[in-house]
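I have placed the structure first, in the form of structure tokens, so that the comments after it can refer back to it.
For clarity, chains are labelled A, B and C in written order, and residue numbers in each chain start from 1.
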Amino acid sequence: MEEKEKTAEKTEVIDNELPLDKTVRLMSPTRMVVRRFFRSRLSIVGLIMVVGLFIFSFLGPVFYTEWGEIELDESGKTEYSVSQATYTVNGKEYTLRQTTEKSLKDNFLDAPSAEHILGTDNEGYDIFVRLMYGGRISLIVSFIAVFLITAIGVVMGGIAGFFGGVIDNIIMRVCDVLICLPGVPILLIISTILDASEIDAKYRIYLLMIYLTFISWPGTARLVRGQILSLREQEYMVAAEAMGYSVPRKIFKHLVPNVMPQLIVQMSLSLGSMILYEATLSYLNLGVKAPYAAWGTMINIISTNQDILQNHLNVWVPAGVCIVIAVLGFNFIGDGLRDALDPKARR
Amino acid sequence: MAEKTNAQPFDPEAILEVRNLRKCFPLKKTITGKVTSELIAVDNVSFKLKAGETLGIVGESGCGKTTLGRTILKLHPSSGGQIIFDGKDITNLKSSQMREIRKQMQIIFQDPYSSLPPRSTVGGILSEPVEVHNIVPKSEVKSYVLDLMEKCGLRDYYYERYPHEFSGGQRQRICIARALSVNPKLVICDEPVSALDVSIQAQIINLLKQLQQDMNLTYVFISHDLSVVKFISDKIGVMYLGSMVEFGTKEDIFSNPLHPYTKALFSAIPHPDPDFKMNRIVLKGDIPSPANPPKGCRFHTRCPYATDICKEKVPEYKDYGNGHCAACHLLEQ
Amino acid sequence: MSKNSNHLSGKEVREIAKQNKKIIKCLEAYKNRKAEESEYLAHMSDPNNILEIDNLHTYFFTEQGVVKAVNGVSFNIPKNATVGVVGESGCGKSVTSMSVMRLIQGPAGQIYAGSIRFNAKDKAGFEKAYDIAKIPISDIHKIRGDQIAMIFQEPMTSLNPVFTIGQQLDEVTFIHNPNATKEEAKAKSIEMLDLVGIAIPERVYNSYPHELSGGMRQRVMISMALASDPRLIIADEPTTALDVTIQAQILDLLRELKTKIDGSIMLITHDLGIIAEMADYVVVMYAGRVIEKGTVREIFHNPLHPYTIGLQKSKPTLESDSETLFNIPGNVPNPINMPNYCYFRERCSKCIKKCSGDYPGMIQVSPTHFVACHLYGEEAESNG
């Protein structure tokens, strides 16, 4: 009784003030993630790089309509050549002059100018415009591939990790087999088959990306499985079990959201490697085929002519720079996200 | 053996009855899946618990008290024996059948940090079980949860906050609120206060006691601290290396401990008085590994009174009057 | 709306970060400077003390605000005495010990102000006082590990799992005495293991940490701390991770050692029972401040601060028979943005009008007994 009276008295004294824990304000988890992400300069640089590339490739062609992707510059200048011949007939000299008019069909290997910002390539296509279209292909293709890889990886890894036992064993052995497959040689074979079956050049790259997905999902599946295995032992998962939640609820409401941080990091890092993959394929002439543009094919031009490698840097360097920017950008973002979402994984 | 125990009728007064419960974890397996060596975490444990009572289970690390709690909840499958909850044998129920019973038996964990999902708000954590089990109509969920939070001593503006903003005691209150949100009959408290500060410990114990009266709960209170168990329990079981060495009412255990291990446990607790001089029984040596327990009486390696028979024969778990059971050769003589 | 008022806004977060950066830069530069020894020599106010902590402030500059983990702590450790520091988690007791060892993790954690005077012994055996808070980080090895040793809470993680116990113990001897031969080091290590009551020291010498039980590991940790003949041993919750029966063994050992070694012990724990058994002097901390200090008898028989009283009452004992436990309401406050009034006010059942005023100063009630509470001030009695 006495105790209660005392507390009543005491509350009167400090009633007009907020309790101590209400004066303490902390950051919400979202704010903390955003803050940690933007604290690192590299992730800001990465973000600028990637956003810049997106604007360049997707909005660029909308505003810069001077040239199309497969539009040749046919404003060829006319070249005049004069040939002279002197004949001596019966001691008298005759001079014969002949003017020939030759029209160049394409304006190829042009240096950068006001008309072609980065010049033209050996066929006469505008390099600047083709960079934009190449970027579209690269970005779309890598996003599709990463999306597929993640979707398959989460489902397979989730099932393996959650159920364990025989199912886990089967899925993981399939992963092992897929990881053992030599990727590039099989890619070459598939590409040859595609060549023979005469599939439209525009769609080949997507088929190859599906193949890439097929051999790349085990990485994500392993990541998800490992995470789920460790999360499953957490006490809040035991609590969820004790609550009698259904299996789908446990997997998708409790486990997967907690795997998301690692997953997002993995996705942004693999975006970079997919861009690299796409460029490699195109460079090896396995991906997008001429006349369609891709950064890889644009670099591939150097293989046709030694002269271009030495004297026409404007033809192949910009594509290379774009690839570097894209890959670096995605990796910077990935590292930044890792630090922001998963601070324990640092170092 | 199994048939014999099945034949016994269920005690209608007991809400929870455990008969000869065993739990083994496989340590080594052959390629064909045959278990060649195993760790016996819980060995032949039996007890009865009436509704509204609290059973305190005391023991040191590795004695199997946590495993016992989780096996009763069927979070691990048991390896033998029977669990009878509310007049129903739940030992062999499938997980889909268990789901309905789950809401009647809940658990509170030791570590209030890892037992709350980090990415949900307090409101989300507490309303999820209410929604899943349809405890109240959808429109009343929020008011129900706020009511529950008040009961557990949580302020209403915590609803929007995340677990990481709270101290251990507040988190433990959230855990308690979550366990009670489904109106359970039995709550297993797995060391709920050992991660907390002294002043907070007292709060949580008092809260648990208060809630027990209000909601007619039955507790199995697992702890390594005898003095904490004393405050909340009606009956106490002392475990050592997987088996129950002594079991009885609180009064019996505290006024007349039978087993030498119980006596040693009592004397090991530091006394908060600088002038208090106690004849302490300091047990020699370490707790043996549960994977390789000693032969005979498991306590004989550390027991100050061990004789030759203790090294050979496992003592029988006997009733020494009034439900006060113990397993020790010294008592049989 | 409610979300906004509960959490920090982006603008506030940036503001905090800006201020932190400035202060941290300044403190880090001070920590990493080069300095002559004369710059951090100090003078003990009482030559019988081994350690004098004077108005120590250790802050953590976090993204969410400044955490004043240790906020003006002062106490002394006399020679050959055991001083128990008791308090709940987050009260700053561990941070105090880490500050003495200069193990505060920068750049966020910094000793902001105050001095830690340590009565060191130089090679010739003369006493020489240093101010640990002023020593540049490059010179700290003169004291850390050599004159002050530490026993940690987690015996599982504080031993390196890839080396044998012997290798780790020998290393301590070599650091202390670089001229020792291998045989001498081994002999010394085995002697140390024997001292902490390990039955077969030769076998433990050759085993790896994972082969030992928790109690054994803690014994090894204690022997490691003793190997360099320290003048001060800081034991940070040495028995918290152990079982009660093992804890009893370790406490017995520490009590025995206290008579054998020539040094002081700073024992940090949350368990009043351990303090009562082990300590000569007690320092009670709450939310980064010392609220009461005195001899062990004064604290246990005549506690003055409502928090100390409440702490003792809320500890369940085997003897008490009451139905409900006494408890202190409320929670330990979060140490960000502390107001300038008694931090315990919210939880206190003996509040008086004066408590809404400034933070109470230390009031001396006996030559050794101090308390920080308005109830015992001279003015309080007249106003009261």
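Observations
Operating definition for what follows: contacts are C-beta pairs under 8 Å (C-beta built on N, C-alpha and C of every residue); 3 or more make two chains touch, one makes a residue touch a chain.
Quick caveat: nothing in here was measured; it's all calculated off a predicted structure.
Per-pair counts of C-beta contacts peak for the chains B-C. On a Cα centroid basis, the chain most remote from chain B in this structure is A. Chain A and chain C have CA centres that are 52 Å apart.
Chain B and chain C, compared by their mean Cα positions, are separated by 34 Å. Shown for chain C are the residues that touch two or more other chains, namely 3, 6, 329, 331, 334.
Annotation for chain B: residues 157 touch two or more other chains. Those residues of chain A in touch with two or more other chains are numbered 19, 21, 26, 28. Considering their complex, residues 3, 5-8, 10, 13, 17, 63-64, 329, 331, 333-334, 336-337, 339, 343, 345-346, 348-351, 353, 355-356 of chain C touch chain A. Interface residues of chain C, counted against chain B in their complex, comprise 2-3, 6, 88-90, 213-216, 243-249, 251-252, 270-277, 296-297, 300, 310-312, 314-318, 324-329, 331-332, 334.
Against chain A, in their complex, chain B makes its touches with residues 70, 73, 75, 98-103, 105-107, 109, 111, 114-119, 128-129, 132-133, 155, 157, 162, 164-165, 175, 178, 182.
Interface residues of chain A facing chain C in the complex, by the touch rule stated above, are 3, 6-7, 9-10, 13-14, 19-21, 23-28, 31-32, 34-35, 39.
Across the complex, chain B meets chain C through its residues 60-61, 157, 160-161, 167-170, 197-203, 205-206, 209, 224-228, 230-231, 254, 264-276, 280, 282-283, 286-287, 302.
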